[in-house]
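I am attaching a structure below and will ask some questions about it afterwards.
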Amino acid sequence: MSRYFDIDSFLAEQTRVPVVFNSGCTGLGKEMDKMCQTRDLPMGEEVELPFWLVPKLFEQNMVGPKMPDCFDERVWQVVEAEPKNVPLRDFNPHFFEFGARFTELLRDEELHEQLEKAFTARYSKLLVGAALSTSEFKDRHLLSREEEKLLDAGRDSMKAFHDWKYSTTEKLTVAHTVKANKKRRAGGAYGSNQRRAMGDNLTNRV
Amino acid sequence: MSNFGDKAATLVQDISQSEKGTIPPYNDELVRAVVDESNEHHRSILRLIGDIQEQGTSLDAAAPEDAAAILVHHQAVLRNKRALLVYLNERADRVRALRWEVGTALPEDLGESLSHSERGYFQQYSALVNRYQGRRGGVGINITLDPTPPKEHKVQVRVLQERGELVTRDGTVDLAKNTVHLLWRDEAQPLITEGVVEMVV
Amino acid sequence: MKGVREALEHQEVHFLAEDEKVVILPTFALTQRALPAFNTFGPFRPQIQVTVPFWLALILKKQGRCLIVPPRWLQISSLDSLVSLERTDDIFQTLPFHYVEIATDLCKYARDDLPEWDHLFDLVETVRSVRHNKMQAGLRSLDARATKGVKLSNITLLEVNIMRAFMTNSLEFYRLLSTQTAVAVVGIASSLSHTRSLHLHSVTQRHGPSIVKVSFETFFQTRCNTTDTKVNKYRRRYLRRDLRVRRYQ
Amino acid sequence: MAEASQQDDLAEILAEASQQQQQDPTNIVARLKRAYVNEKNAPELLPFEHDLLEQVMAKVEDQELVVQQSREAAAAAGGGGGGGGGGGMDDLMAHIYQAELNRVRFLIRAYYRTRLFKIEKYAVHVVKPETNEFAKLSPQEQKYATDYVNMLEEHFGSVLGQMPEKYSSMLQQIEEDDAEMDMVPEPNLDKHVFCRVREDRRDVMFDPNDPDNTMDLDQGDIIMVRYRFIKGLLEDGALDLI
């Protein structure tokens, strides 16, 4: 199990999942449900458990999980309508990692498809552009932890590229490059954002 | 709503939120608490098993509510164990990185952030890398040098700490304070790491 | 471990580029062929072209001992046509595997050997940017099918390195989340999906009710009958056993 | 007309430029470079390049002598300051040899480091006797891996030893005979890697579960694919990781 030592994989399993106890639970009334009046948890009780407790209990048919709030019908409606603007982090900081684990357990085809669709939409409409660029990105707060890691992987690499390209360029005079940039931009060259970003970068360094 | 595993989660959360490349103080208190909680769960498991056996029932025929309770406690111990290991492992990664950053001597202020076992681990790891690099039984090349590809082959350095004479490939150099020298990159690098000299750009 | 990232760093790609060959015009004479070195260089004669690795050319250049002959693709006319081709064509044009690194270094260290080095520098950056935008467009269109393998024609190493972590990690998520690559999906929940809760009988059929006891038996039976809680504590037998074998081999 | 010929020129120039990449296959530095880049990009450990490293290390020692000699010659000819023409050339030779040596040393160090890093990451997996991972290591690496696992076990044991019995192993979540080691990190062979093709291959099937899906590989092609699918081609030398 190569994910055993992975911090995010661990934290994703902290997500609360509503379950119904099919069997009772001896001595754990209060532990499983603060409102419980008896020492033992009675059969049929609905409680919220952290996900890490669920798979084994489910395998043994001791609990039946229900869909957690973060995968509610309404969530998918928003994701479908405006994939770029959905604050997935607010629904669940480990939206995809937890989602993958949860579908693996339930084998819920519909949920599986929704997750894949959501990832694809967010990846192409939000992540690619932001990850392979160094210009300011204002939507970080919308990202799940997994998306944020992808974003940083891309941006770190872009930043390292700029650092590399303009390192030890003491002799590269600003005047030359910036002047040339302006000339070309005025001439209707493409990609002004990117070039501007690089120009700025150069100015800062020299 | 169960609060099993909450302490464990705090332990992992803390290390996860700490700045990359830093080593926050070892949280001995919380580690102990998670260990104690695990032993408490384990005692509950033994109690439940004892009760079942007392009734003359074999575990095979245990009532589902007893089995469920055992399973919950069991999973809780496993969860705590994983938290402890995720915490220890992430810290161990950072402790090892020190060997490559600061060399074989653990800086005092950092040493205070480590547990007793972590300090031992650092010493052992340090020795392990030394053995691997050694001439006898090792590969015979210092592999902590050149973390990035060589660029300029000579670098200009200014002496920050009086060091006296240094024998280099080009002959002997007197490292008197504030003097400037042109050194081979690989010979300068350990001195830069130690803070004896700084690079002059 | 410091200095060891999981992937190549850009500086390392640059290091690899320095082994590419370049033509120089030496200003000195050194006819003696190389001694037992890793590569053979020379002979060097003033004003006679000779091909050397790029790192060597840079050393000689910095000492004022040679002129570097710019490669033919690093010309304003070639790069101008390249820019328009790169813009109009969907595919990536063929370029030297290390064109960015070589052009950047020449513009840094050998600008007196280049006509209008700053113009060249900008043109190469334009080429790279156009290609970068194409790369982004390509990445946007990726989906789970890419986990079956993708051909990236004419991409260069530095370009690979720039998108490497983002692309491979994204595909890892596609692999994880893809319904195509997932294990056979059993529709336990889908039949009841309108209620979004699970039906339990199907699970019972899958596993049968006796599994619980079996696993507990193995975990705890021995321990109820023994009281020597400490004896086996450090017994981590698997590893010790194996390592012992290794040590005395 | 002029434009068309310019395009032809460009095509010719670019074709020429991209042909320059062939490296001499007998050159041991080129081979070390390949070994390093492959090692860096492969998720698992590749077999240690015994012969290659032995040759390179021997040559490094030779060259250290040569550098020493050129330096002495330079000193004799005029204090290394470039007084006489001959002295300047000796100095230059020494500089070139030193520079080359530095490049080779970097590759050796980086190669060793990359392997140690992977050994640490998958230490227990690497020393397991039932896999052949251990055989991929050099004798020094084998010692390193074994010692490393022991010290890791001691360190983790300082806390695990206080856990309830049967929960104190660092190999299994719950100790059980004949059960799998479910805590041991292993390399992810499904990781996607970039490769450059060295030899033409027709109809290459990547995914054995999808036999209809094949690809032609031409020399110089760059592909991105799951490591598992090209592991064999890498071993054959049909492609390199980049």
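Every chain is named by a letter (A, B, C and D) in the order it is written, and numbering of its residues begins at 1.
To be clear about the criterion, contacts are C-beta pairs under 8 Å (C-beta built on N, C-alpha and C of every residue); 3 or more make two chains touch, one makes a residue touch a chain.
Keep in mind it's a predicted model, so treat the numbers as computed, not measured.
Common neighbours of chain C and chain D, by the contact definition above: A, B. Two chain pairs, A-D and A-C, are compared here, and A-C has more C-beta pairs in contact (counted per touch definition above).
Taking each chain's centre as the mean of its C-alpha atoms, chain A lies 32 Å from chain D.
A straight line joining the Cα centres of chain A and chain C is 23 Å long.
Inter-chain spacing, taken between the CA centroids of chain B and chain C, is 27 Å. Across the assembly, chain A contributes 4-5, 22, 60, 62, 168 as residues in contact with two or more other chains.
Among the residues of chain C, those in touch with two or more other chains are 1, 3, 9, 11-12, 14-15, 59, 164, 212, 219, 223. Counting partner chains per residue, chain D shows two or more touched chains at residues 95, 99, 103, 106, 110, 113, 116, 120, 170, 174, 183. Taken as a contact graph, with one node per protein chain and an edge wherever two chains touch, the assembly is complete, since every chain touches every other chain. Remark: chain D residues 182-188 touch chain A in the complex. By the touch criterion given at the top, residues 4-8, 10-11, 14, 16, 21-28, 31-34, 40-41, 43, 47-50, 52-53, 56-57, 60, 62, 168 of chain A touch chain B in their complex. Here chain B touches chain D in the complex through residues 31, 35, 38-39, 42, 74, 77-78, 81-82, 84-85, 88-89, 92, 96, 115-118, 120-121, 124-125, 128, 131-132, 137-143, 145-146, 149-150, 153, 169-170, 184-186, going by the rule given at the top.
Within the complex formed with chain C, the residues of chain A that make contact are 22, 58-62, 64-67, 73, 96, 99-100, 106-113, 115-116, 119-120, 123-124, 127-129, 131-132, 146, 149-150, 153-154, 156-158, 160-161, 164-165, 168-169, 171-172, 176-177, 180-181, 184, 189-191, 194-195, 198. Note for the complex: chain C touches chain D at residues 1, 3-4, 7-8, 12, 15-16, 18-21, 28, 30, 35-39, 41, 55-56, 59, 63, 65, 71-73, 77-78, 81-82, 85, 93-97, 99, 146-155, 157, 160, 164, 167-168, 171-172, 175, 218-219, 223, 229, 232-234, 236, 238-239, 242-243, 245-247.
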